[in-house]
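If you scroll down you'll find the structure; I have some questions about it.
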Amino acid sequence: MLTNRPKSTVQPGDIALLVSAQKKRYLVQINPEKQLQTHRGVINHADLIGLPWGSKVFSHLGSPYLVLQPSLADMLIDIKRITQIMYPKDIGFILVTMGIGPGMQVLEAGSGSGSLTTALAFAVGPTGRVFSYENRPEMQKLAQKNLVKAGLADQVEFKLRDIQEGFDEENIDALFLDVPNPYDYIVQARRSLKPGGFFGSILPTMNQISLLLIALQREGFSFVEVCEIMLRYYKTVPERLRPTDRMVAHTGYLIFARPVQDPELIEQGPASEEADEGSSGSSLDETFTSIE
Amino acid sequence: MLTNRPKSTVQPGDIALLVSAQKKRYLVQINPEKQLQTHRGVINHADLIGLPWGSKVFSHLGSPYLVLQPSLADMLIDIKRITQIMYPKDIGFILVTMGIGPGMQVLEAGSGSGSLTTALAFAVGPTGRVFSYENRPEMQKLAQKNLVKAGLADQVEFKLRDIQEGFDEENIDALFLDVPNPYDYIVQARRSLKPGGFFGSILPTMNQISLLLIALQREGFSFVEVCEIMLRYYKTVPERLRPTDRMVAHTGYLIFARPVQDPELIEQGPASEEADEGSSGSSLDETFTSIE
Amino acid sequence: MLTNRPKSTVQPGDIALLVSAQKKRYLVQINPEKQLQTHRGVINHADLIGLPWGSKVFSHLGSPYLVLQPSLADMLIDIKRITQIMYPKDIGFILVTMGIGPGMQVLEAGSGSGSLTTALAFAVGPTGRVFSYENRPEMQKLAQKNLVKAGLADQVEFKLRDIQEGFDEENIDALFLDVPNPYDYIVQARRSLKPGGFFGSILPTMNQISLLLIALQREGFSFVEVCEIMLRYYKTVPERLRPTDRMVAHTGYLIFARPVQDPELIEQGPASEEADEGSSGSSLDETFTSIE
Amino acid sequence: MLTNRPKSTVQPGDIALLVSAQKKRYLVQINPEKQLQTHRGVINHADLIGLPWGSKVFSHLGSPYLVLQPSLADMLIDIKRITQIMYPKDIGFILVTMGIGPGMQVLEAGSGSGSLTTALAFAVGPTGRVFSYENRPEMQKLAQKNLVKAGLADQVEFKLRDIQEGFDEENIDALFLDVPNPYDYIVQARRSLKPGGFFGSILPTMNQISLLLIALQREGFSFVEVCEIMLRYYKTVPERLRPTDRMVAHTGYLIFARPVQDPELIEQGPASEEADEGSSGSSLDETFTSIE
């Protein structure tokens, strides 16, 4: 299981990532009685056990593979999906911004293919809990299967539900809506969230962002922020440093907010040239905080 | 402590964030015998205890404040610093890319003001461990103080050391060098990292990236990636949606790599138009993975 | 005049840019009987005449200045303004995309402070013509003054008019609406534009873009494109190459379209993964064109 | 010819762009005796003459096409090439920044496929002149052919030459080096440029930028700027406004400089937080200029 720190060698039950010279990737849970069928031959799991992570192994046809411990990003990339999944660039920022870490209780809807579910379960760890709502049975099944494969199913409680009916949980630390119409469920979200808790959503279009902003203002949310994250890779040739030729231009706009007692107290949006850059950006240079 | 899930009301020992109507921020650890001195009056901690998070409170001069549970991003923004600190946009991506979560053992150098240390300690939780090296005593003291204030000091082992001498730990899951010359310590880093473990660094200039790429190739690292993350905020007026006027243009280039048995096996850099966008970007759309 | 190629030395009537060591900038038209009053002393125009461009000169107080021929970008930066002006990054792309060059007849509304007017007048040259509409008299006066100072007034015909009433000109090559509600004047724009001509606009918010897209579709425009241009500067230290710390995050969204006989013929928007990147982006790599 | 303003109808000698419903593009010079062979049938030029621009026409097989006047961007996109060509986003900014307009005398090396040559010839118009150096005969031939097709050859003087030997022209207004090693020709460039003139280059890698910065400093250039332009397209669906999925991540870094009498006078690089954003960016908000 990912959240039990793996040893330096491959062990039964570990999640392993095998990568071919052609960068073909296979994610497997090590089971001494199983085999991995690749396009270039068979690898017995039993032959991997006891090898140091990072080792080179060969299929029965002689094709080489590296055997690696997957990062959370690797897990996310290799998840089985039938829906648009969330990208590591967005997930990392969501976790940090919404304070999601070990021991937290978080709620998401919908489960989708389980990519955000995987990240949330990984981040809250064995002492936390993820409540994941979905109303399409086949989608829930896929998400569950993906979580089992990632060894993270124990942290997650899946619920098959139209979230129009609301959520069972109260006092949730952080709640994320990954649905096309989050603005229809803000009353339900507020009821389930701890006072001052963290609300988040991701939406592909500006029109949806407008509707969500209106709903958040109506339901007494404050500290509203909208942003987008652009990730650009570089070619790794030291004497010819330059970005890659193409990049992902857009995944979605991120939106965050917190329910508070008096949402009017804090002036929303940019109060000044500095604040104009968003709270995180500006405060890093501007704030002098008293820690006593 | 952040990693023990706080209740829905303010309790002694909790870390709380007080925010004024003017967006002035105060980070305090609740102690019934202490007072917070603000520019607009005094607030007794005792008066906060038992209030729901998100409540509005008043100073003795009648100035209103919201009392909030800080997210990791809030903690990072409000950290006391005498060095450049790392931004949430970069930290979130680092955590996800380097597989840093509950129970992991991670190493960083240098401690700096302790911003990355805080994030690492938060992410690995009580069952994990952070080893943080620094060779400037006054810097180490500041980092330690910041970690104590964040309630995360128990997860961190600080070491005062010139890392030229190497690290004490072996078999580390993830190792991050936040120093100006990481290329001088790659041998040491490789020795300390678990085989197949995660190496990361952040550097402001392209010239440093060139030198680090050369060192990583020399020492047998593979899966080398260089990228940068741009974060753009939007004004939150639903009927006038647009980005803010200005933004942070650059914090640093991120670089990741993994030591493996045969670093030549996997072709480095873009193998194709798709791979050209970096492994995370491309694979999301291209990979069909076997999970068995 | 800018459009008569200046000699290699400063001549009466030339537009000159003087820059101090502190980067304070003065734009003047050389007149042998005039003086430039700076914060650091007086410079007689007469003393500049005959000097090679790029020369160093001194004020009567001994402060040094460089005397330079202004580029169009310099003219735009230094224009007197009471409104938001357009940025070189956007203007350059507008000129190239809308085919604006020597001899063209172009129309714009409103004149504003005259920054786009200046660029258009510069680009069409003495053989072209710019028709510039504005309904605020004081704004028109400012634009006129700026064009006279730039030596470009001869190319421009200013009109004081509520453009709701339409434009006098027909068969215009390119028409640019720099007003907050361009969607209210698309019928008028279409009437004035040559068939197949170039329409353009710049708008700060996504909500305005939505309204303009609807109006353009209704009035039979095709080849509709929406884009934004981000410009990032780098510090110019060769051994420490890196972007500047901050940048302009947003000026406006650009939108282009062309009136054609059968706007339904060409499928609007991205037809494929490649087209998805916009016509200019995609076609550069994809198109094989017959030139016979 | 592009620079003689076309009438509102197609005329012999005009450059026309035909676009199919599938967005296949054909660039032709109208000749009453010629035919355009498309994949979907033949179109007689003679049938186009006298039609309004923007008209729909049919091939002999009944396939529809729109007949359009090409913009400069259209010309650039559709140029025949055997080298990397320059993008409209970069070309527009180059023209504006380097003051290139009607009547100017500009020099470029190398000619390449003639894309920048086309833009320069278009911008300087019949009263200007472009000197285009190239040392590969077959490349020069291609560039010449492209310029003839664009109707812009009269403005251009092509020279077959290793530019190590220097340029014939003196007192050039603007000089652009589009070669891999511009740092080897800065002495030659300076000799050919008018004092205070405009130097520019585009380079794909940061390593080349470093070398060019060193050479420019050594040879007495000032006002040095390095920047990059990112262009992002949006899908044009008014009720679902969002960027396209992918974009061009990098074409090249642009670098500009001017030779002056005292290059040390003006402090290079950012002098302040504002200057930090580059001269164009910052000055737009900061400068109050005297025009007298």
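Just so it is clear, A, B, C and D label the chains in written order, and each chain counts residues from 1 on its own.
What we mean here is this: a contact is a pair of C-beta atoms (placed from the backbone, for glycine too) under 8 Å apart; a residue touches a chain by one contact, two chains touch by 3 or more.
Here the structure is a predicted model, which means the values were calculated and not measured.
Listed by label, the chains touching subunit B and subunit C alike are A, D.
In whole angstrom, the spacing between the mean C-alpha positions of subunit A and subunit B is 17. Work out the mean CA point of subunit A and of subunit C, and you get 44 Å between them.
In subunit B, the residues touching two or more other chains are 206-207, 210, 232-233, 239, 241, 244-249, 277. Taken as a contact graph, with one node per protein chain and an edge wherever two chains touch, the assembly is complete, since every chain touches every other chain. Those residues of subunit D whose C-beta lies close enough to touch subunit A in the complex are 204-207, 232-233, 239-250.
Residue ranges of subunit A in contact with subunit B, taken from their complex: 2-5, 8, 19, 21-23, 25-28, 34, 36-38, 52-56, 64, 66-74, 76-80, 85, 87-89, 91-99, 101-105, 119, 122-128, 146, 149, 171, 173, 194-198, 206, 209-211, 213-214, 217, 222, 224-239, 241, 244-248, 253, 258-262, 265-271, 273, 275-281, 283-284, 287, 289-292. Contact residues of subunit D toward subunit B in the complex are 206-207, 210, 249, 277.
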